[in-house]
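Pasting a structure here, questions to come.
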Amino acid sequence: MTQKPYAAHWDIQDLVIQLRQLREQSLAQRQRLHQPPKLPSRKQLSQIIDQLAAALFPNRLGVPGLTDEGVDYFVGHTLETALSHLHKQLALELNFVAEEQGRQLDANGEASVMVASFAARLPEVRILLDTDIQAAYEGDPAARSPDEVLVCYPGIVAILHHRLAHILYQAGAPLVARMIAEIAHSSTGIDIHPGASIGESFFIDHGTGVVIGETAIIGRNVRLYQAVTLGAKRFDKDDNGMLVKGNARHPIVEDNVVIYAGATILGRIVIGQGSTIGGNVWLTHSVPANSHISQAQSSG
Amino acid sequence: MTQKPYAAHWDIQDLVIQLRQLREQSLAQRQRLHQPPKLPSRKQLSQIIDQLAAALFPNRLGVPGLTDEGVDYFVGHTLETALSHLHKQLALELNFVAEEQGRQLDANGEASVMVASFAARLPEVRILLDTDIQAAYEGDPAARSPDEVLVCYPGIVAILHHRLAHILYQAGAPLVARMIAEIAHSSTGIDIHPGASIGESFFIDHGTGVVIGETAIIGRNVRLYQAVTLGAKRFDKDDNGMLVKGNARHPIVEDNVVIYAGATILGRIVIGQGSTIGGNVWLTHSVPANSHISQAQSSG
Amino acid sequence: MTQKPYAAHWDIQDLVIQLRQLREQSLAQRQRLHQPPKLPSRKQLSQIIDQLAAALFPNRLGVPGLTDEGVDYFVGHTLETALSHLHKQLALELNFVAEEQGRQLDANGEASVMVASFAARLPEVRILLDTDIQAAYEGDPAARSPDEVLVCYPGIVAILHHRLAHILYQAGAPLVARMIAEIAHSSTGIDIHPGASIGESFFIDHGTGVVIGETAIIGRNVRLYQAVTLGAKRFDKDDNGMLVKGNARHPIVEDNVVIYAGATILGRIVIGQGSTIGGNVWLTHSVPANSHISQAQSSG
Amino acid sequence: MTQKPYAAHWDIQDLVIQLRQLREQSLAQRQRLHQPPKLPSRKQLSQIIDQLAAALFPNRLGVPGLTDEGVDYFVGHTLETALSHLHKQLALELNFVAEEQGRQLDANGEASVMVASFAARLPEVRILLDTDIQAAYEGDPAARSPDEVLVCYPGIVAILHHRLAHILYQAGAPLVARMIAEIAHSSTGIDIHPGASIGESFFIDHGTGVVIGETAIIGRNVRLYQAVTLGAKRFDKDDNGMLVKGNARHPIVEDNVVIYAGATILGRIVIGQGSTIGGNVWLTHSVPANSHISQAQSSG
Amino acid sequence: MTQKPYAAHWDIQDLVIQLRQLREQSLAQRQRLHQPPKLPSRKQLSQIIDQLAAALFPNRLGVPGLTDEGVDYFVGHTLETALSHLHKQLALELNFVAEEQGRQLDANGEASVMVASFAARLPEVRILLDTDIQAAYEGDPAARSPDEVLVCYPGIVAILHHRLAHILYQAGAPLVARMIAEIAHSSTGIDIHPGASIGESFFIDHGTGVVIGETAIIGRNVRLYQAVTLGAKRFDKDDNGMLVKGNARHPIVEDNVVIYAGATILGRIVIGQGSTIGGNVWLTHSVPANSHISQAQSSG
Amino acid sequence: MTQKPYAAHWDIQDLVIQLRQLREQSLAQRQRLHQPPKLPSRKQLSQIIDQLAAALFPNRLGVPGLTDEGVDYFVGHTLETALSHLHKQLALELNFVAEEQGRQLDANGEASVMVASFAARLPEVRILLDTDIQAAYEGDPAARSPDEVLVCYPGIVAILHHRLAHILYQAGAPLVARMIAEIAHSSTGIDIHPGASIGESFFIDHGTGVVIGETAIIGRNVRLYQAVTLGAKRFDKDDNGMLVKGNARHPIVEDNVVIYAGATILGRIVIGQGSTIGGNVWLTHSVPANSHISQAQSSG
């Protein structure tokens, strides 16, 4: 045999053994005797979000060639499919968490309740997204129609994923929620933690580099540009030096605020309603309503 | 039946009805009695751009195994396919706009004229891209060959999409043009509005976070680094408080300018030829030729 | 025939001829008489990295439904497949470089040696990635488990690609290495040159806009946030005005350093161990161990 | 360039020219000046039949995981999709025939009427297929349940295709009908011309080699085995020596007839009701009701 | 809306209602109140058989590029995958049957036992298939190598499916077994019921139209040609006029028999060892060892 | 871990070892010390034939939407692709045979010569296929146009594969040729050995069960129906009892012969020109020109 004589040197068998030992050590360190249950699948979640988006906007994001007569069947079948698959993914998360905590649970049953309450909020999501699209159309001189906004703007991709992920985060599926957020992050460069609370008519223009933290609260009619950070100033540690997880540490942005590109706003501060925060501003204290904050000028 | 008893709670039928009502309200608010015509497809446009790139650089970006004898057939067939599909997408945009404006038009005929003039400019695009590749090779100490630049550099992906999108923007297909720009934006983090005018030998290094606005004009031999913004300072509103769309509001960057990472340049100002703009600089006024602008230093 | 009468105007034949002439001119300018050999394929490399990731973390990133009994077969087969395909891609790079340099070489043989030494380092990569995952888990208050980190965090995607690419860069395959780095860059917005040297327990949070240069050296237990640049201050030119390629021009970051979002650190400077660099800081000089550098405040 | 030096001998260009000349001669011989319009697509028709089968038997042949709540949406959406695609295929056939005959027609409009009448007969098809399934279940000692029959038996595949194709044949789409019949022929070895008329409760066991001609008429409750031919005895020619097309030339098989494997029945004869035709029988004359025909024995 | 005005006539909603009613009637007639459980999937089974074939003959039917070092990993992973998927399909059959019979069962547990015993017999299948391949090579003057036989001969495809299906039939999964048999039937025109018992060194040449019944028993070193039937002479009915299912009704063919094309052998008769049955012979009685049976000649 | 506890019983490791031993025994019996080289791939060959068919009939079997301007590029690129892939498959066969015979050869070079001579005969194949299509159109009262014949008739699929396979058989690639023949056999039930020589204007109607042997010679304007066999009467053995391979053993059918369904014609006999052989006739002796042979009648 003359094919691939070099292959003899790759030593697959030895590699397989080493990698097995490393996996076992890793499980042992984490005090797990067994393989953990399976995690949800990013690929599945990506399809589920695409299906939900198609069900919410069938004429724009659904299959080509839908007729008036056929659109409701498309919506119904697509929802049914998406919700069934979401159910499976949620059950995976619930099982995973329960196993980590050594709890028993009826993952299918609990996931079913989650899906039902999630589904019931889909019309509300559509209403909110209509306000977001309108805000983008009105806020960008380059936008020619709301339809262009829906199919082109990365800010819409990000907020669509967020509004769906946020409901799941609230419902007790933070891992699935986070995975959905990261799908949008990868595609748009906009990183919104699913825990963030965001009001209607929200618009992010350009968007690359935007970061919005887990406990941020954003009012209605807020507009952000690229590279804006709504972050934490510091991370509190407990008496053992471990990070305290989950406490309120990100800004509150009230209604009708505009934050220009590159602004960095850190900590549990309040940006008063109607304020404008200039580009590249670094802000770590609250500002009252209708403030106009701008950066010191560069030297020339 | 014991499978999915929980499914009974998802209430698909009720959701379908609610979503239909929301769609109808949304159309009514926009004073449309009927479903709008179909929009162009991002997925289709993505394939078209890949085909055009393969036709422009068949040995680098075409199918593996092309022979000298076969390459022209590959180029001809790939062009024919790409242009036919582009024709369909352009006709969709033309129909969409005509319907919004209540106009009649021969969408197929007009799209055909557009495609013909677009096709005629492809050799010019290839020439420009060769200058861009050479600029990247000369401008980055890490680049080892022009071929590496073509297959690796996100800045090349962005300018390739832009040079194609810009022709379509000029030809009267701003929506298709924008969708092509967003394909590059999603993949590279570089957001170039298709309206921007960009000269030969253009190089963006790293690129994530770059934003170049609709009316920006960039000369020859210009180099940008990541997170540079060429944006608008303010958006003018008309007497009704609506944004004025389309007026010149972004910078003019003359030949041989270098702009370092994070610089923010806003408004219809002129960066004189041969200037260097330092990293993180915030600039809202014109500077003469051969200026060197740098940021105030951080405190230590 | 009434179909596509407009098509007659596209003049494919003329386009094909023009594009051929441009290709020939381009080769002539680069003093190549013949088509260069094929380059490695980004699509193939993307699959190879996915396979290697699956072999390193089969229970998390492998196929669903793996059993304890089957996991080693999966790992062995996946490794074998990935390494065989990697072998082909490396041989393409070696042939390409040899042809440019007019050298003869046994590309298959040399690639085989490269793959063997690459394979032998995979267990080390797994160990390093375990430290990275742990660092992310401990460094982010929003992280709930190391498993969530592995499947969600773009910083982990970036470092996984980097640790594999870096070995190939060191082994003499800089093009394949760079292509792997750009796959991660496109997906995460994190741009780590494969030449950069990075110690264990490395964590990038959010990550969009991070740039780490070719000659950067990063110690153990370093944490970066989004939009941090570890770049070059200037590019040296030789007596002919050509860029000097490959010299040390990026920062050295010692152990236990934290660099907050938007900080720009340029040139071959040293950030002493245990230092903290604040958000948006612009730094072009070395700082001693345990420094705390922060930006001047914005005006309000 | 050392790759594929041998390729120089393939002479693609010369082949392309020769093949073009042959195409043009072929069109000229058929007195066509132009390319004919496109024909329907076998691949598309294959998908359409699969969709119609799934709509008729959603729980057996539809997607996995359908719930009671979701099944009607699946059926509606699948029907809508299948009928839209069928509409396109029928319009292709109508255009093709009209162009051959030099006629003008509203292909979309006529195809739409065809689809409407086809759709209206789908419930009837389902009823007939239920009788066919029941007949197979009752007629084969190896069948364990009607569900097994539906998913296993090639005779059911053949009759399902036939019952759909026959409606289209009657409606004036003989080409689409024939293409559907050939899809079943390829998969089952059962060749039923779509013109054949077949009553309820029809069962073909094994089936390979069965041929049923265009003008055959088969009553209710008829059973056939493999390799049965219901064919023409001779083909009539007109005064010019051309075949007369379309006249009745195949057998009439009345109700409750069984025809065993390999029997060959030729010409416009009548097999009286309740008859049994033995294996390998060669029959070219009518037989009265309740006949039992068997072959002469082989010598031993 | 001007698109598809004709679509208004398709009346999807009415169709959906009618089809639902027909489904409900069909279930009611079969005295089922609920949807039956899902059936096994032909598509899944087709993949499983391809995987098992690849595991049995990895160098011939496995993935390209297998190395000596990698082949066992390929075999192990492919087996693991195939057996896991087979387990699911078997559980579907068991559930289906149990539900029809109103029984409770541990389908996963029983399927697991089935798979274990099936797996244990795979080496035996490989040994038998080696004898079949050798028989084909020796029996066909056109065969050039055993490898050609394995990749070309439809008779090998058929016996490979049969030997796997027969084990499952014996193990109590007649539906999955039948579905596997029909996959081979569709691809080869050879219809072997999975219940048939077939000895080593079995060869079918050409094969189209061969039918072998459920209770046939075939010895060692038997050769068949196309269109041979080993069928039942009559079907017994019970006192209620229902077919008696499962009784021995097909021929016994002893060792070293050759049966030429088109021969029809019916009923529970015995073809004595070493016999030759001529082409087109019709045989319904036993013949002793070493018989030579031929057809009466045709007239000329 | 509670998932798949039953999996523990599948004993994959033991199976892998047993299967390895069987593979090694099988190689040893065939006196091969090493794995044989790879065989050609049926899947690849199937794609190659589809591409060649598309190049021969681009308007009928090519991609949809070809324009007059684009068709030659399509043909050229498709040919180039098909011939390159065919080159690889032929080289695999040549290597395989050389290794079996312990010969050295330049497989790439020899395959290249084969492909060149194969390519040069493609126009001849197109001419022959045009005569076949015309013969089918004229010979079947159900055929409405030559285009319908090309896209519908299994006899055309079979002869298209045969005419290509026969050239390769003659050129010294009998394995690739046979694999192509079996692709057609599987799809149509028509089994033509690639060695058979077949004149112009050949038509097989229905076709299932037709078998044409390796050394058959068929003249011009011959028509066959389903289940016709042109086979060998007996296989000669040499002094060692081994089959003599390759000698002339199948019928010669002269011009203008019609052979009806089910006729079996065996041995190196001659069917004189202009003869008609009736259905189910069994014929093992030559017949003079213009004979009319028919079967004895069945008893009634």
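We call the chains A, B, C, D, E and F, going by the order they appear; numbering starts again at 1 in every chain.
Assume a contact is a pair of C-beta atoms (placed from the backbone, for glycine too) under 8 Å apart; a residue touches a chain by one contact, two chains touch by 3 or more.
Here the structure is a predicted model, which is why all the values come from computation and not from measurement.
Subunit B and subunit C carry the same sequence, and matching their CA atoms takes a turn of 120 degrees, rounded to a multiple of 5.
Among the other chains, the CA centroid farthest from that of subunit B is the one of E.
Mostly differing positions are employed by subunit D and subunit F in their mutual contact, as under half of the interface residue numbers are shared between these two copies.
Note on C-E: its contact pairs, compared by residue number with those of B-C, B-F or D-F, agree for more than half at B-F.
Remark: subunit A and subunit E have CA centroids separated by 50 Å (rounded to whole angstrom).
Centre-to-centre separation of subunit D and subunit E, using mean CA positions: 25 Å. Look at where the CA atoms of subunit A average out and do the same for subunit F: the two points lie 56 Å apart. Across the assembly, subunit D contributes 1, 3-4, 7, 10, 12-13, 16, 35, 65, 67-70, 72-73, 75-76, 79-80, 84, 189, 208-209, 227, 262, 280, 295-296 as residues in contact with two or more other chains. Interface of subunit E with subunit C (complex): residues 63, 65-67, 69-70, 72-81, 84. Across the complex, subunit D meets subunit B through its residues 1, 3-4, 7-8, 10, 12-13, 16, 65, 67-70, 73. Subunit A makes touch with subunit B in their complex at residues 55-56, 58-60, 64, 68, 71-72, 75-76, 79-80, 83-84, 87, 108-109, 112-113, 115-116, 119-120, 122-123, 126-127, 130, 138-148, 151-154, 187-189, 206, 208-209, 226-227, 261-262, 279-280, 295-300. Here subunit F touches subunit E in the complex through residues 4, 6-7, 9-13, 15-16, 18-20, 22-23, 26, 30, 35-36, 38-42, 96, 100, 174-175, 178-179, 182, 185-186, 189, 191, 193, 195, 208-209, 211, 213-214, 227, 229, 231-232, 235, 242-247, 249, 262, 264, 266, 280-283, 287, 291, 293-296, going by the rule given at the top.
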